[in-house]
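Naming follows writing order (A, B, C, D and E), and every chain is counted from residue 1.
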Amino acid sequence: MTTNQFMFFLFATIIVVFSVLTVTSRRILRAATFLLFVLVSTAGLYFMLKFNFLAAIQLTLYAGGIVVLIIFSILLTSQIAEKLEQPALTKKIFAGLAAVIGASLCIYTILLYNFIPSNLPSIGTNVDTIGQALISTGKYGYALPFEVISILLLSAMIGSIIVAKKRKD
Amino acid sequence: MDNLTLFIIIPLLTIFGILFCRDHKQVKIVSAIGMSLQLINAGILITMFLLQRAAGNTDMMLFVKDVVWYPSLNIHYFVGVDGISVAMIGLTSIVIFAGIFASWEVKDLSKEFFISLIFLSSGVFGFFISLDLFTLFLFYEVAVIPMYLLIGIWGTGPRHYSAMKLTLMLMGGSALILVGLLGLYFHSNPSGGPLTFSIPAISLVHIPPDVQRFFFPFLFVGFGVLGALFPFHTWSPDGHASAPTAVSMLHAGVLMKLGGYGCFRVAVFLLPDAAHQLAWIFIILTTISVIYGAFGAIWQKDLKYINAYSSVSHCGLVLFAILMFNKTAMNGAILQMISHGIMTALFFALIGMIYGRTHTRYINEMGGLMKVMPFLAVCYVIAGLASLGLPGFSGFVAEMTIFVGAFQHNDVFHRVVTVIAVSSIVVTAVYILRVVGMLLLGRIKNDHYLEITDAKWYEKLSTGVLIFSITAIGLAPLWLSELINNGLGPIIDRLLVVAH
Amino acid sequence: MINFSYTVFIVLIPLIFFVLLGFFGNKFKPLVSGIIGTSGLFISFLLSCYTAYQYFFVVPKIAGAFPKLIAYNTVWLRFTDTLHIDLGVLLDPISVMMLIVITTVSFMVHLYSIGYMKGEKGYERFFSFLSLFTFSMLGLVIATNIFQMYIFWELVGVSSYLLIGFYYEKDSAVAASKKAFIVTRFADLGFLIGILILSITTKTFDFISLTDPKGPALQQGSSILFLGLSTMTWSMIFVFMGGAGKSAMFPLHIWLPDAMEGPTPVSALIHAATMVVAGVYLVARMFPIFVISAPAALTVVAYVGAFTSLFAAVIACTQYDIKRVLAYSTMSQIGYMMLALGVSGYGGHEGLGYMASMFHLFTHAFFKALLFLCAGAIIHAVHTNYMTEMGGLRKHLPITHLTFLIACFAIAGIPPFAGFFSKDEILAAAFENNKLLWAVEYAVAGITAFYMFRLYYRIFWGKEQHYSHPPHEAPLVMTIPLMLLAVGAILAGLVPFQNLVTSDSLPFENHIELGIAIPSILIALLGIGIATIFYRKETNLPQKITRTLGSFYTAAYHKFYFDELYLFITKKILFDRVSTPVAWFDRHIVDGMMNGVSYVTNSVSGRIKGFQSGQLQQYAWVFVSGAIALALAFIYLWTL
Amino acid sequence: MLIMRHELLLVIITVILLLVEIFLPDNRKHTIILPSILLFFIVTVLGFIPGPTGELFGGMYATTPLILTMKNILNLGVLIIFIQSVNWLKKIENKGKIGEYYLILLSTLIGMDYMISSGDFLMFYLGLELATIPLATLAAWERFKEKSAEAGVKLIFTSALSSGILLYGISMIYGTTGSVYFREVMGAFNATPLQVLAFIFFFAGMAFKIAIVPFHLWIADVYEGSPINITSYLSVISKGAAVFILMIILYTVFYKIALLWRDVLYVTSILTMTIGNLFAIRQRNIKRFLAFSSIAQAGFILLGLIGQSQLGMTTVIYFVLVYIFSNLGAFGVAGIISNVTGKESIDDYDGLYRTNPLLSLTMMLALFSLAGIPPVAGFFGKFFLFTAAAQKGLYLLVIIGVLNTIISLYYYLLVVKAMFLNTSDQPIAYFRSDAYSRIGLLMCVAGIVIIGFASPVYEFILSLSHGLY
Amino acid sequence: MFEGVPLTWFLIVATIMFFIGIYGFLVRKNLITILMSLELILNSVNINFVAFNKLLYPQHMEGMFFTVFVIAVAAAEASVAIAIIINIYRRLINIDVERIDEMKY
């Protein structure tokens, strides 16, 4: 077993186990914590794949930003000590069925497909090239999405404020 | 502006005029003027048509106007008339004219009433002049849909139910037609050129017989629904019973003819092979219609139901005759459409007037009306006699033409069904006389009927026009028959080519 | 060649007067409209006489025969190149004869009605209807083709309907008119089918070509068979069905007695002298076809005629309503005429039956119209139809009495009255062809004499009843027609029919055969004698006889229950067993199907509403499963 | 730059409005309404000026005359919505949020423009999200209403789920073809199972936007809960854009598996028409009713996609155009009534014609157009859709379709019945709607009436659709 | 082959995660936990993109950038969702997804 394989299995195990815990834990704050673990291990996978920049974003934006946001909202809306109710059994069964069938279908189909691994050298993923690409307007340049996402974030922000702000009365 | 387009323009202008009317009276006057113009226009058309024919113009369609509308789909505004359409236009303008006067007393939302009515009529006119299947279909639906409001708002009895049923069934029919039309369209040019909706163009094409067999039932049943083909006729009794006077008139008088005309002009004309092969099924159905409608009418107590069932019977005869595929019978079919159109309009007009006076339509609650309103009663008797096919009225001419035509077939099947259909004339006599006896003759059953007054001038005008028409056709049918024959020529030729 | 186109006016004048009176009748005083109508008929009458004169005596014969003249013809409606309905005037011996009969009787009835209908409501309506009827009847007899005949056939039917239902406020009149119309309509259905069959075998409607010996109808012969009879036979049987309906032949006779609900002049005109003989006329018109192409049909005609004459005569003996007695007697007499046609051959003396039939038709018109008009005068005087409420009227109504007696002699076949001659020819024709039928008719002659004199004695003799007001003789305007017709009833028998109206239009020699004539006179006298014994004075003999006959009498009195049978068929079978189920079927099955579609749609819509549960996760579940299902289906089940 | 003029203009006015909003004092906030509309009107008009087309950003952004037309159509619809929403915005509870309303709406429109102009899946995805996420806040706009919040929840969560599935599909497309640029994907696509799976997942995500059964369930609840103008926005603009881009992608990217997606559409369109209709029958809330009706309409639109031809393509766009006018007409009337009286149930419409004839007429015209009744435009749209399907010989589908139109006619008539036929003891009283509403409705009516007869509209679209397939 | 770890392994892990997220989405009652499940879903897709990019198509950075933007979108989505959740909480004083069913049928 190579290091890579070991690392992969480690992260994969963490991801799968904590994913399961995230969706089954009856304490909501724990669930959020498990989610954090999942996201962090995902970042680990990114690191492993040499996408350092991406892993950093994953850690800061995802693990740092979103999870914190979630935790805040948990604190705002839930009793921490409170245990969540168990969902109804039929619901679990049906959902489980859908998930299992879906997963097996996808995995089976993926296994059917003959992916041809590339031997091409990887383009450098240092911050320079990424920055270049982000402001490039040619092919494989991402200036336009960058602008669009800013509009998205802006309007999402405005919208969130509108929805969440208290009434003035 | 060509003469044919005027038939659509005049109603629209009339509607426009009505929009600016202030009160009930103005609305009536504008409508009356508009429809009188329409009547005059129809007269001019007939005259011009006859003159053209007399001058030796032997084109299949006259006064053709062809304007490309949707070039990519080859949809045209393509109008033109042959003898048949001219006759139908004449019928329509007479009935709508009479209808306007028959609804002289509509007070509630009169503006809307007349607008819907005239709008409907524009659809009918459009239908009859269309030579393009698309516009034909468009006008068909235009003619059907105002019925919903007309029955629903101004009707009586279970009007909401009837209006809904009628509209849905008729639109169901039109849905089938749509499938058929598309089938025609996509097979209109087997050599791969541009497709077309044009009836004359498709009529020159030989569509493969198996394709025809697939689409023929759609078209025939689709139009047949409006033509009250058994077992798709059940909208008719309820619809007619609930509809206000003028609507019943127009509907039974003209709209049901759209069905027959469509079966004829589209289904049979454009799909002759299938028509020949499948005719027997529909002949059986129409024979059932004829007899069944007549027997259905015997039992009814409501005047409008009686007439509705009688319409089923008579319109069944139209479809029956169309399926006979010979000139005489088809001529009879068209004559029957016209005759029944006017006759039944007269009936409904009278029923409306009677109902307006007695406030009931149940024949067992009335009696002896002859004494208190002789004019209307006599008109009713005349209508009844016309309906049971008395010589001197149009019904006789039409029915005899059909029967003689249908009987010319050389096989037992056709002759047997003809004899069955013929026997309906007795049943018709039974129910007509039953109604006349119970309604008009005998003693007056209710004292308050003694205060009833006879027809007003507009009612006399309305019924007078109709009676004049049926009598005129009944006394001198030859010109009309020749007019129709004139249009039938190419259609029959096409059917005969296929038969051999 | 003489131009006969003016004959159109014989027909058109009544039509014009009908329209005139129909539209503007209420503008005139009643009497004026009566006079207008009558004068119109008078013109027609004169024209007919002139036509007859010209036709029989001026027009040159062709090869010794009276020619068939088309005085006027126009295509009215074209079906195919050969089949078309024409309107025209065909003049031949029988049509000219009928013109005379119709216009004469009609004129008399018009005249009579001026008095009879005085004070009735709807006076002008009455006269306009009478004109309409006359028009239709004239149109019928001058028809150049069978379809024209059918047209006017229908029109006489409707005029009859209108006139029977003249007293429309009387329920019985309304019912009777309805019955008459429907029964005859049913018969006309047969007529129409007959025409249709004819149209495909002969390809023509035209009488001249139909009866042309070289024409298609006669050449067809027994070519095509169906149920053992040729098409022509079937066609003629159906055509005869129409004739039987109009002429009230058994079993389509039931309408005629009821038709007596109409005003009496109407009964005289329509239901005695003219319309009811249309059937006979029809058979006569088609006679060559019957005789040559469809002998089986002719046999049917003979037997139906004979049976009807017997049947009606028996019933007539039991009835008390004087008009009904006359009605049954009419049926009986028409039976005679039918029989005569049925036993006739074609050409020369063979065609004796034909001639006799027409002859009887002619004479019958006079004396039967006379009888009815007399009955009218009587009813006018005593306001009842029932002979049980009459008696001893001979003193009060001398003219009526005398004319009635003449008519009775005429119908009983006592020489020298008209009936004797014609009936004698019929019996002679029957004797030559079919002894059985002859025997029947011979008996009927006796019965006829019996019931007519039963009638006569019950009215004019016997005990005088108490009348609400003393009966008095009718006004002159009514008695003049009586007297004129009485003259006709006496003299009509002297017309040399064998020279004028024969089956092949060729005159032939004919004499009264004493061997036939004397027995028939004797049996008539016997009938009269019995009636005299029974009814001249009040006796209890009739009751005795009645009791002896028992149930047969009761059955005859109830007209052999034919009304009930028809009522059963129409009400119980057609209405209850056909029409009601049809209506039910329509409401519940056919309509139910349509409503069922909407019901099913709605209920499906109700059933599946659970999908839209409002539960976000259920939505998501459907979403996910949908995607997975689609994927599964299209990856692994779907193949190109 | 001119190639991207639609988006840029929108961005510009968004920025202007943002600045104005920031600097406008609180008590003057409502004055922003008219300028916003005018600005947007100018943008709309400018959009119609012909200009260059082409690709930008290395094919990430592409526009063609057809896409420009579609953008113009969307602009037109949004303009009507802007006009229609004025009287709602003027209500007291919206006082502080007018500017934001425009900002968010415009940004979603920008998202749609980018989405339909996208040349790769990334831009497509971003546009889609930009067109969806802010909409959730609009759906939850009426904070004081539980229903509105519920609508927001349902919208944001289902859309997130759907975009998750869509993304999974895109990731597989990327994995199997090696690119997210449409042009590369197109060349490398074939029907291996994984690609079919990818396609189905991608399709499911799009189907969510268009509300194709079985991905439609959110629609009714969200439509009912949202403010009515947002509902109309969702039902016409958002859906129209999604249909358009789905069509473009199907016709270009997935053209190699055309037989496959035709059958997918075949099945789903039947389901969509039928289920939409069956649910619509039983609705009493007008918004919910229109929601289901719009599901059914989506099913009809799929007929055009199935047509797989120039005709089908043209017809889809044409139908979307017609549908925008018709649905906005219906929603406009419902919105006015809802704003004035607060009534949203069809039962409340009883006897409306006698008190408010013009509104009822407009509603009727709009509904007839939706039902496909001549002579209004919907008839032409439906007819052409069926023609497109019949062109492929799919007569069974056409038959099912036409039968469904009958069901749809039934429930449209139910509304007509309420307005025209029924009478009520307490009908909605007569009111005079404001000028904005009138103009809005007038535009709809004009569109409904004219588009059908004006064949140049259709022919124009057809000329643009040429060559895309 | 990325140094001993085949692509399918990544894909399988991602797929499992994806469907765990789906499962969570379908069964969790608390809206916030549902939101967490959504994050799992998006995260799994990101793994797909990254793995594809690295193992199959390393010559460009499409997968990576896609992931970046997905993360950004996820953030926006989360913020909006949380805003709405908070709004719901204010209205209903709970955020149980099963209670949010005022509108149905």
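Here is the rule we use: contacts are C-beta pairs under 8 Å (C-beta built on N, C-alpha and C of every residue); 3 or more make two chains touch, one makes a residue touch a chain.
Computed from a prediction, not measured in an experiment: that's the story for all the values here.
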Going by the stated contact rule, which chains contact chain C and chain E alike? A, D
So which chain is the furthest away from chain A, centre to centre on CA atoms? C
Greatest separation from chain E - chain, by CA centre: C
Two chains share more C-beta contact pairs than any other pair here; which two are they? A-E
How far is the middle of chain A from the middle of chain D, if each middle is the mean of its Cα atoms, in Å? 31
Cα centroid separation between chain B and chain C, in whole Å? 36
Whole-Å gap between the CA centroids of chain A and chain C: 102
Whole-angstrom distance, CA centroid of chain D to CA centroid of chain E, is 27
Quick check on chain B: which residues sit in contact with 2+ other chains? 168
Residue ranges of chain D touching at least 2 other chains are 122, 126, 129, 133-134, 136-137, 140, 143, 152-154, 157, 161, 175, 193, 197, 220-221, 282, 410
Overlap residues in chain C, where contacts from two or more other chains coincide: 598, 609, 612, 614, 616-617, 620-621, 624-625, 627, 631, 635
What are the touching chain pairs in this one? A-C, A-D, A-E, B-C, B-D, C-D, C-E, D-E
Chain A touches which residues of chain C in the complex? 617, 621, 624-625, 627-628, 631-632, 635
Give the list of chain E residues in touch with chain C in this complex. 22, 25-27, 97-98, 100-105
Counting only contacts in the complex, chain A reaches chain D at residues 105-106, 109-110, 112-113, 115, 137-145, 148-149, 151-152, 154-156, 158-160, 162-163, 167-168
Quick check: in the complex, which residue numbers of chain D touch chain B? 311, 314, 354, 368, 373-375, 379, 383-384, 386-387, 390-391, 393, 395, 398-399, 402-403, 405-406, 409-410, 413, 416-417, 420-422, 455, 458-459, 462
Chain E contact footprint on chain D (complex, rising order): 121-122, 125-126, 129, 133-134, 136-137, 140, 143, 146-147, 149-154, 156-157, 160-161, 163-164, 167-168, 170-172, 174-175, 178-180, 220-221, 224-225, 282, 288
